[in-house]
Amino acid sequence: MKKSADKLIIAGREFTSRLMVGTGKYASMEQMVQAIEASGAEIITVAVRRVNISDRSQESLLDYIDLKKYTLLPNTAGCYSADEAVRTCRLAREAGLSDFVKLEVLGDEKTLFPDNEELLKAAKTLVQEGFTVLPYTSDDPIVCRKLEDIGCAAVMPLGAPIGSGLGIRNPYNIRIILDTISVPVIVDAGVGTASDAAIAMELGCDGVLMNTGIAGAKDPIAMAEAMNLAVRAGRLAFLSGRIPKKLYATASSPIEGIVT
Amino acid sequence: MKKSADKLIIAGREFTSRLMVGTGKYASMEQMVQAIEASGAEIITVAVRRVNISDRSQESLLDYIDLKKYTLLPNTAGCYSADEAVRTCRLAREAGLSDFVKLEVLGDEKTLFPDNEELLKAAKTLVQEGFTVLPYTSDDPIVCRKLEDIGCAAVMPLGAPIGSGLGIRNPYNIRIILDTISVPVIVDAGVGTASDAAIAMELGCDGVLMNTGIAGAKDPIAMAEAMNLAVRAGRLAFLSGRIPKKLYATASSPIEGIVT
Amino acid sequence: MKKSADKLIIAGREFTSRLMVGTGKYASMEQMVQAIEASGAEIITVAVRRVNISDRSQESLLDYIDLKKYTLLPNTAGCYSADEAVRTCRLAREAGLSDFVKLEVLGDEKTLFPDNEELLKAAKTLVQEGFTVLPYTSDDPIVCRKLEDIGCAAVMPLGAPIGSGLGIRNPYNIRIILDTISVPVIVDAGVGTASDAAIAMELGCDGVLMNTGIAGAKDPIAMAEAMNLAVRAGRLAFLSGRIPKKLYATASSPIEGIVT
Amino acid sequence: MKKSADKLIIAGREFTSRLMVGTGKYASMEQMVQAIEASGAEIITVAVRRVNISDRSQESLLDYIDLKKYTLLPNTAGCYSADEAVRTCRLAREAGLSDFVKLEVLGDEKTLFPDNEELLKAAKTLVQEGFTVLPYTSDDPIVCRKLEDIGCAAVMPLGAPIGSGLGIRNPYNIRIILDTISVPVIVDAGVGTASDAAIAMELGCDGVLMNTGIAGAKDPIAMAEAMNLAVRAGRLAFLSGRIPKKLYATASSPIEGIVT
Amino acid sequence: MRIFVNGEEQSIESTSVLGYLKEIEIDPQRVAVELNLDILPKGEYDTTQLKDGDRIEIVHFVGGG
Amino acid sequence: MRIFVNGEEQSIESTSVLGYLKEIEIDPQRVAVELNLDILPKGEYDTTQLKDGDRIEIVHFVGGG
Amino acid sequence: MRIFVNGEEQSIESTSVLGYLKEIEIDPQRVAVELNLDILPKGEYDTTQLKDGDRIEIVHFVGGG
Amino acid sequence: MRIFVNGEEQSIESTSVLGYLKEIEIDPQRVAVELNLDILPKGEYDTTQLKDGDRIEIVHFVGGG
């Protein structure tokens, strides 16, 4: 294929970058903007929260984000039931005038692992209401298949716990999910450094979503660029057909013509 | 530090790219040239072989390589004793008018692992003769320290057997070598895909040298670009200060203001 | 603690062996009996299947198993819905006169991964009907916690797909499950060789259940003994307090008194 | 083969146990004796040190070890040159009236990695003087082959740095060494827990030597038993022909006769 | 009388479940029986009469993991 | 009039949602409003009257992952 | 005159190394020459005379890793 | 007479190695002795005379890995 023609398509929309980034945990809005810029991301996640009535001073995230340039992906972080998540998505759509939602229904506060039972309920409702649902889920091929059957626009299995930086703990399950699922598979959560992102793409994933891996680095802007490069590197390597792994060596210089 | 100011310095010479590539095993000279171009490499390895007297038709490698743009690094591939390797280096210097040599003394044909006993002998002689010696060696911190003491300009431990594509089999030893050695540490051999190169750089290595990983890929030119991006990604990630690894999660969205 | 006093307790019943074995896929009943003997297991899984009316010649499994010595654990292998699984458990109880069941509800035939949504439904019903439920599930801490809350007597997360021999693909999740769950945690499925079983026990698991790893080996009886030893080795190592991992060395011989 | 007939043969001497243990770092002589007993080892390593002339009170190791039951393997720990190591071996032979020596020549104090250049020199001399040489070396197939060619009775590559508890860092190199070498291959150093020892044996190693992994555990005697079981488990698993690894599942219960 | 046993139609002599099990030489202690989708307690094999068209399942334990 | 805004009781001047948003200086384009648990379409902020005891949620986007 | 070139016996016309290289159409800039196991500096190709039985190695760079 | 034992100067009574070992209560069976850098076979402890300035090493086995 023509590498330059390689696009990520979600719900009929085409994206050039396969890296999606969050907007949380930055030292300042300025740092966030520069990091997003450096990451090359086109889709950025945001959270839905109550306006602080008492303190009007706080600046609005949207003052810093060019909505012509970026697609907002509101999340339902902090929701522990299908009902809360659905309610948050409805608010998000009204606030953002877009149907895209990153659906999270969490199981507990310590692991932030998804509660897939509730997730499936919420996904059913939201798809029926016309949302474009990108669900954060486990590396569980059965749940991913059900999410696809429900009509989710992508599945986003975790690589490791949110913010853990452990990378892809179980590449075997990710591979099985890739074999099973037709919609885009995006690794969401767990990426700690560039090689983690490259590995996700080399497995054949369609994209990677991260926040803490960038925002939590000592130099978030440089790390954002590193992730940008790594996702492209991993994607290209996947498309290029790597050499097989062998226990023994193969010479790279010719045997003939050695001076004796 | 200023990331753009980050240079690789070997024997006083400054290089922007931290990826070194070989010139072997390509389908054609044209493919080789494009792959080297895509890799962004500034140092390229070549082998020293007898001219084929009977068949003068064969084209010369040097017709294809712009010596103003690239630094040639002749290797001693195929040498199994210190004497052969030293003799090959002397020929290389005469042919290439440069002091840089990639010193290999192989232990056997099946593993192509270095014979470090012979390697140390050859390195001593060559350093005395004024060569700039970049030795291919094992991931053995003791041998690397001896090579540095002898006066080698860099040490190049293998990540895995030449052409095996197994990546860095023992990152622990590489880390110990990095703690021990002051001259540049370049991982030579074993890289199979982009993430392998990124991992080498994230460990803190100063560079990566590869040939088969690129030339053996289904699409060598695209893989060369992938490696180019991966080395830069890994280097940037190393400099950016990654997040620590944790067993449990940390939320990336705020806890406050959740709709209840 | 007194190592010899170390018992596995499930639903108030005490077991000395922490290895549970299946009875499927053996070349002969004799081989199965010897393998079970060599494994030291006290709990053995069996499947519930229709009697073959047309061919009465076939021998009965129960002719070969001493019910005074072994606790039967009937499974619901082959069930893809809560209803089928519940029905099979009821039949199993009637046939076996015991309340213990290994509850499996499968998601698909290729991965044999659990359908945890259906599994939770079936578990609720069976616990209400007084069964002692040991559910085969994913390495999903949230599902495991729900199974414990429902009243399951143990949770049995998979290490890797049934019969895959991949070992414990995600020790991180198993550790989180062990932190979260109070009932026994038994790794069920994925064990391919002795060290896999030892690793499960070293993580702190209460037991290991396997079938193919033993029955599929070239010498099932010897492998059964290997697994017997490995589970005990891993358990003892877990209780003994292993040395911490360090990047650098510590001498085991004294520094003083070296001849100089 | 008949499993019970499986013996370890070094320099023509036959041993039933494949675990060799050190005698250093125990809280007391009593603890050491019990741990050795629990380990089932038949070969035990000792260090050679100056008698403390000023303080005659100290008890002698040999008062605690039954020389009819155990084969002493004096080491050259603490030696950093071939000469020191050879001198220590000569003293050891005179003190122990045995030809067996564990030859160590260390490269530095931080890693305690072998200096293979010096090791090869020492091995040559000692073999000529009729010693039965068991050299502690790197996981370097070339050095191991040279040690075998010199006439060493076994090769003992490290799994990881002495006392590090990191297990076998590079199983690939160990496998290559096993393919290359005819004398027994014994993993020496790095074992931290039972599964590490089992893995070494499953790779096909002939034995495992450890000290800190046992003596440094919270309960050394229980850990010694764990290692005893683990080495036997790993050896049996190696001989039993494990199942192949597969990405997907294979049912262990029959498909036929499912109630529908 | 014709009944369905494990999904297959059979014509049988016996009128009780226990009778039928004996007829096909099955040890009642080794099996579980479902009559028209309800578990039949072992104690009732003797007294339970079969009628035309009944569906019974007879299961036992086999090797499994 | 007293209503509940984001869970806290407030006494307010305005009678319409739009009026109240202006009162507390919030740009209607940047928020979403829920009135007594139902989403309120932006188009209805102006026409929707608030009455005593109403519960409204006013949310916006913040940084998140 | 007969010499050994890269291990093979050859009968040649030229008497100097440079002459021989031209004879076999090899660009002196692209190769290195060893005469009887000693490196021959490029500057001496012209002046260095070949004699019967000389052993020369002519090497160049080829693709390698 | 003064000799060096394990690197330290000692003044001793005995004239033979065996004598000295007894003097310092060391069981000859449990040690190895090096006299001026040469191994001294156990058989020669009795007959070997010490002279002023001799350097001897006396070693034994201790716990090690």
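A, B, C, D, E, F, G and H are the chain letters, set down in written order, and residue numbers restart from 1 in every chain.
The criterion applied here is as follows: contacts are C-beta pairs under 8 Å (C-beta built on N, C-alpha and C of every residue); 3 or more make two chains touch, one makes a residue touch a chain.
Since we're looking at a predicted model, the values are computed, not measured.
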Chain whose Cα centroid lies at the greatest distance from that of subunit E: G
Reference interface D-H: repeating pair among A-F, A-G or C-H with over half of contacts shared: A-F
Distance-maximising chain from subunit C - centres being C-alpha averages: G
Gap in Å, rounded to a whole number, between the CA centres of subunit B and subunit A: 32
Cα-centroid distance, subunit A relative to subunit D, in whole angstrom: 47
Intercentroid distance (Cα basis), subunit F paired with subunit C, Å: 56
Mean-CA-position distance for subunit D and subunit B (Å): 35
Residue list for subunit C, restricted to those that touch at least two other chains: 22, 24-25, 47-50, 75, 77, 87, 91, 111, 113, 162, 166, 172, 176, 211-212, 215, 247-248, 251-254, 257, 259
Subunit G, residues touching no fewer than two other chains: 6-7, 34, 57, 59, 62-65
Pairs of chains in contact (touch as defined earlier), listed by label: A-B, A-C, A-D, A-F, A-G, B-C, B-D, B-F, B-G, C-D, C-E, C-H, D-E, D-H
Residues of subunit A defined as touching subunit B within the complex: 3, 22, 24-25, 47-50, 52, 75, 77-79, 84, 87-88, 91, 110-113, 161-166, 192-195, 198-199, 202, 211-213, 215-220, 222-223, 225-230, 232-234, 236-237, 239-259
Subunit A-facing residues of subunit F, complex: 5-8, 10, 24-27, 30-34, 37, 39-42, 57-65
Footprint of subunit A on subunit G - complex, ascending: 6-7, 34, 57, 59, 62-65
Touch list for subunit D against partner subunit H, complex: 22-26, 32, 45-51, 53, 56, 60-62, 72, 74-75, 77, 87, 90-96, 162, 210-212, 215
Complex contact set, residues of subunit D against subunit B: 107-108, 111, 113-117, 120, 138, 140-143, 145-146, 160, 166, 169-170, 172-173, 176
